[in-house]
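What follows is chain A paired twice: with chain B in the first complex and chain C in the second.
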Partner chain A sequence: MRTLPPNHPASVLLVLLLSLVPAQAGEPVIVVHPESRIQSLTRDEVINIFMGRQKRLPNGTVAMPVEQAQPPALRARFYQLLVGKDLPDISAYWARLLYSGQAQPPQALTAEEVLEVVSENKGAIGVLDAARVDRRVRVVHSLTR
Partner chain B sequence: MLRKTITCLALAALGLPLPAQDGDPRLRVSGFGTLGLAASSSSLAEYVREPTQPRGVRQDLDPRLDSRLGLQVNLNLSESFSVVGQAISKYRYDYTFKPDLSWAFLSYKPTSSLQARAGRLGFDVFQIADTRNVGYSYLWTRPPVDFFGPLMLSSLDGGDLSWQGSLGEGVNLRLKVAAGRTAAIDKVPFGDAGGYVPLGGSKLMGTVAEVDWEALNLRLSYAQAKPSSKFPPPITDLQNGLNAFALLLNDPGLARQARGVDFQENLFRYYSVGLNWHSGPFRLEAVGAQVRAGEGPIPDLKSGYLSLGYRVGEAVPYFLVSRIVSDPHTLYLGALPALGPEAAALATAVASFIQHQRANQTTFALGVRGDFHPKAALKLQVDHSTGEPKDLMLWLNVRSGWEGKATVGSVTLDFVF
Partner chain C sequence: MVFRLIRSSLVRRTLLLVLGVSLVVGLLAHGIVGHLAERFETQRARERIQALVAVVEPSVSAACFVGDHRLAEETAKGLLSSPILAAVEIRAGEGVLALRRRENWTPTDFENIYPVHSPFFASQVVGEIRISPDKQEIARGVARYAMLLRILVLVITAVVGGALALTVTRSVVAPITLMSDRLNALDAAQGMRLSMPPGHAADEIGRLASNINQALKAVEDRHRLEQEVQQAHAQKISSLGSLAGGVAHDFNNMLAGIMGHADLLLAGEQDPRRQKRINAILAAAKRSSELTSKLLAFGRRGKNRKESVDLAAAVKECLALIQPSLHPDLEVFTRLEDGLCVDGDPSQLQQVLVNLCINAVEAMGGKGTLTITTRTLELKAAQATDRSLRPGTHVELSIADTGAGMNDETLQRIFEPFFTTKTTKDHMGTGLGLPTVLGIVEGHQGAVEVKSRVGAGTTFKIYLPIGVLSPERPQLERRTNGGRGVILVVEDEATLRDLAKSALESLGYGVETAEDGLAGVALFRACHPRLRAVLLDMKMPNMGGLEAFGQMQQIDASVPVIICTGYGENEEVQRILSGGGAGLLPKPYRVAQLADALEQVEAKV
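Take a look at the complex of A and B:
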């Protein structure tokens, strides 16, 4: 296959088009403590917890939602798949809930911190890149399946 | 760094142990703010965002209209108990930006669906009413003035109880009742010397039912307020004058007007219905409200707005139309206007007071919100208002020649931290 020179207009266009696709977004999954009695969560249950509507997990434990904040493309993909909204809209939504004293947004952490917090807290529930899942947590919902 | 310092100071002030590391999940210190500039096409009347502002915008660029800063502390005491405190600095009745305590409440969540709060709370019976100072949370440079102008009560000293539950199929229901007295921070400037009409202490109760279904949010609400504050002399003078003439002329109609002027005989009832639809790039918001002012010369009001926006990348261009209508209540003045100069002067003063409780206008606005940063947005908006020039609720310091028309341009930088 003939490759285009890097400064060829078509390859510039290709690079531009590729940059619009969140290439390394990853696959966001929902994880809980491995000894949690929760085996799976429905999409509605995930929405209720991560959009601040429900403060407890379905088993009654007080929920402690955390999310992997980097890369932003993973978060963007998570909220796009969950509620069809862009990140600025999610930030504005949380500003309304937080500053009216109704609810507090999930804590933004690194992937490793999500793994640590979820493996140490029975009520913790995290958004994590599927590629980072290990034995310390259990996947209870996948957004892409 | 600044936030860490504030966090430590707040913890120390509360007598709590300082956090061993960053990110103590028990305590969250955060804030919001707006830096704004606005200018109007007219110098014949001043445009205000809320009736609590003592001066409004004329033809010069003015930062006071929209600029504000808020600081909030959330302290999670246990799994069920938390405390929230919030202070807001904005241009207020006494021409200063002195901060007021907007929230200070204890929240108790015994179950997943119940929440009880007590203390100083946001009164959120009206759509976005308790976040009207958080510019970052909405699309526009400011909430529609035609709608929020008369709905100025923001904080409640009392309690509320809310229930939130899933009805299945992705449908969520929220019910709430709130009762208490309006907080003393709501003051409407009166006269030129920093005087004010206090709105605090009025008995207030409200209820709201809210349904969320996928991208749709529907909201029905009712509130009632019974003013109980003592008004300053210029208003009580009107009342005393009317009462004196009511006795003199043996005219019970005038006595009724006197009671109405004082507000205290009035039970204000607020009805509101709102719809919010936000799906993908589209967003639509439509809200209507009615205020019934009871017997007397204070007019009933109807108001509403419709907002449409569409996200294109980081920008959301939007269109907003809002309207307020005052019912043509007839002010009864009996034989006053023809009873000599003193009575005529009183009649004129009462009529003028009532004109200040009236508004009839429509505003069209176009704007764009740009989310250039994860925690900040830049907005540009142009409003064009056309209204009845004699009705003065929403305009300050009106000069002769005012035709009830003005175009207001504004730019704001809204942020959270």
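Take a look at the complex of A and C:
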């Protein structure tokens, strides 16, 4: 089998085409502190907490929602799976609520920061790529399941 | 007044009709427009509210979803900035998130309730927006819209009405006005025909014009026929007049001879029996002379004098004259304009009045009303032509009775000489009364009009030109001196010449005679210094009176010339009298009348 040299034009074109294919979005899951008494959450409960309707977790603790902002595809997939809306719709929704100051959107963090915040606060609840889940957090809801 | 104005004009009636229709349409439109405006404005308000709700729905949805009071309040406040809303309430579940209302809003059930769905799931209702519209604002909108519609209806009605009125005016009124103007300006001499109004030859207007033309032709034919009949009648009367005048002239000459000689005989007669017979001859001759005067008057040759005659005074004089013959049951009513004068012969005009009054009295048979009126009348060209008069101011003398009246046949013949209906023993007519009236009136450039109906009475209307002469006329003093000097008698009739000679000699004058104008002028030339006066006949062979007078005037104008004629004051006599003639002696004359005429002439010299 003949292999193409790296500087061959065909090789360059192939590399370019592969770079245009988006990286596959991860699987967003909802994680809480490992010691939380919450074992699982329903989808409605997730919606209410992440869309500002519910300020406390089912166990009564003040909720502190955070989300993994990168990559954006993960975040888009999360909201598409959760409420069937695109990110601009979600941004417009929060823009209206921010005007009155009565509700705040989830804090946007890196995956590592999500892991740290959730592992350090019992009221914290985060959206995290399933691939990044480790022992510091516990998954209470998976949107794809 | 207004009604008459409207009735007199088709344009005004059309405009009034259009105005009436516009008013009715306006009133009907008033109600319909109000209803339409309300429906339209209510629907419009509903649509505006729906549009507002659609705009704020995402914010309200978010506010309801999270229970955000502040966002709900702000949204409600924003909604209320629209003037058509009176109150806005935003509810989430059972609780009220926000309520905004105007000061004048009183709590009532919200009329418009819109469900608010979840921002994420359309099937999930998370709240509702309740809205109360501002009815006052909507009512103001309705009023504005209704006003707009009414103005629109008014403008459309005015435009349509105006177009209708214009159409009617142009297509109906204008052609009719045109025809009316042309009818007014029609002149019989140019053929009384209407030309077709342009563009209307085939429609109703054209047919109207055509029918008018047919009617005009019929009128024209009838008018022509009437004129022909009138002309024939006038010709007949004129021929009879000429005949009567001619006969009267010759008869007058003969009567003059009879009377003159009878006078001379009477002067030298001592026997009472003979005197009586001669007087009988004179009386018969006098009556005959009266008859010839009437014939002359009918022949229009009897106009002897021309002076201002006061008609009111003449009527009063006439009534005084006939008063003795009036029956007690007969009423006389007069309405006479003061100071109305005509120029003419007073005795002839008196004769007209007396003739007509006596006829009227006799026609009433002792019971009824005799009405005599006078008035001035301005006759325009057409009216004057109809009566064979000249245009200008005229006097109308009307003598009306309530007697038996006349049928058409009688009416046609009343002016014929010797035609009479008076055949009873008491009222035997000569048939010369009305012909005399006609002759005198026409001799005065006047006209006679008669209207009569059997059983209802008869009205005679006399039209005479208003007088222009001064009413005063100096009267001559009469002297009764005996005759002296020489009188030249120019007369072709030997009998009359001899008679005049005898009469003048009996009065103490010397006399020269000539048998015609030519001989008369020659004699005048020879002896004019000796002449006291000339008696000049008018109608003579070789040289007539007019020419002879002219030549005598050239020879010696100081010698007075008395015209002696059986024709009365005709045109030639008028010319002589106005050209220096001393006087007129109508034939037949008595010796005393001859003496009077000479005395008057001497008095003038």
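One rule holds for everything that comes next: the second predicted complex is superposed on the first by the 122 of 145 C-alpha atoms of A that agree within 3 Å, B and C clash if a C-alpha of one lies under 4 Å from a C-alpha of the other, contacts with A are read in each partner's own complex, and residues count from 1 in each chain.
Note that in this section a contact is a pair of C-beta atoms (placed from the backbone, for glycine too) under 8 Å apart; a residue touches a chain by one contact, two chains touch by 3 or more.
Predicted model, so just to flag it, every value in this text is computed and none were measured.
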So, on chain A, is it clash or fit between chain B and chain C? clash
Tell me the contact category for A:K85 with respect to chain B and chain C: first, second, both or neither. both
Is A:G60 touching the first partner chain B, the second partner chain C, both, or neither of them? first
Let me test your reading of the model: by the given contact rule, A:D44 touches which partner, first (chain B), second (chain C), both or neither? first
Looking at A:G52, would you say it contacts chain B, chain C, both, or neither? Reply first, second, both or neither. second
By the touch definition at the top of the document, which applies to A:V133: first (chain B), second (chain C), both, or neither? neither
Winner on chain A touched-residue count between chain B and chain C: chain B
Looking at the overlay, what does A:Q107 touch: chain B (first), chain C (second), both, or neither? first
Of the two partner chains, chain B (first) and chain C (second), which one does A:Y99 touch, if any: first, second, both, or neither? both
Clash with chain B (superposed arrangement) - responsible stretch of chain C out of 9-17, 27-35, 45-53 or 477-485: 45-53
Shared contact residues on chain A for chain B and chain C? 47, 53, 84-85, 92-93, 96, 99-101
In the complex, chain C touches chain A at residues 58-59, 62-63, 65-71, 74, 119-121
Please name which positions on chain A make contact with chain B in the complex. 44, 47-48, 53-56, 60, 62, 64, 72, 84-89, 91-93, 95-96, 98-101, 104, 107
Touching chain A in the complex, chain B uses residues 23, 25, 28, 30, 32, 70, 72, 74, 79-80, 84, 86, 103, 105, 107, 109, 111-113, 117, 121-122, 124, 128, 130-131, 133-134, 136-138, 164, 166, 170, 172, 212, 215, 278-280, 311, 314, 371, 374-375, 377, 416
Can you tell me which positions in chain A touch chain C when the two form their complex? 47, 51-53, 83-85, 92-93, 96-97, 99-103
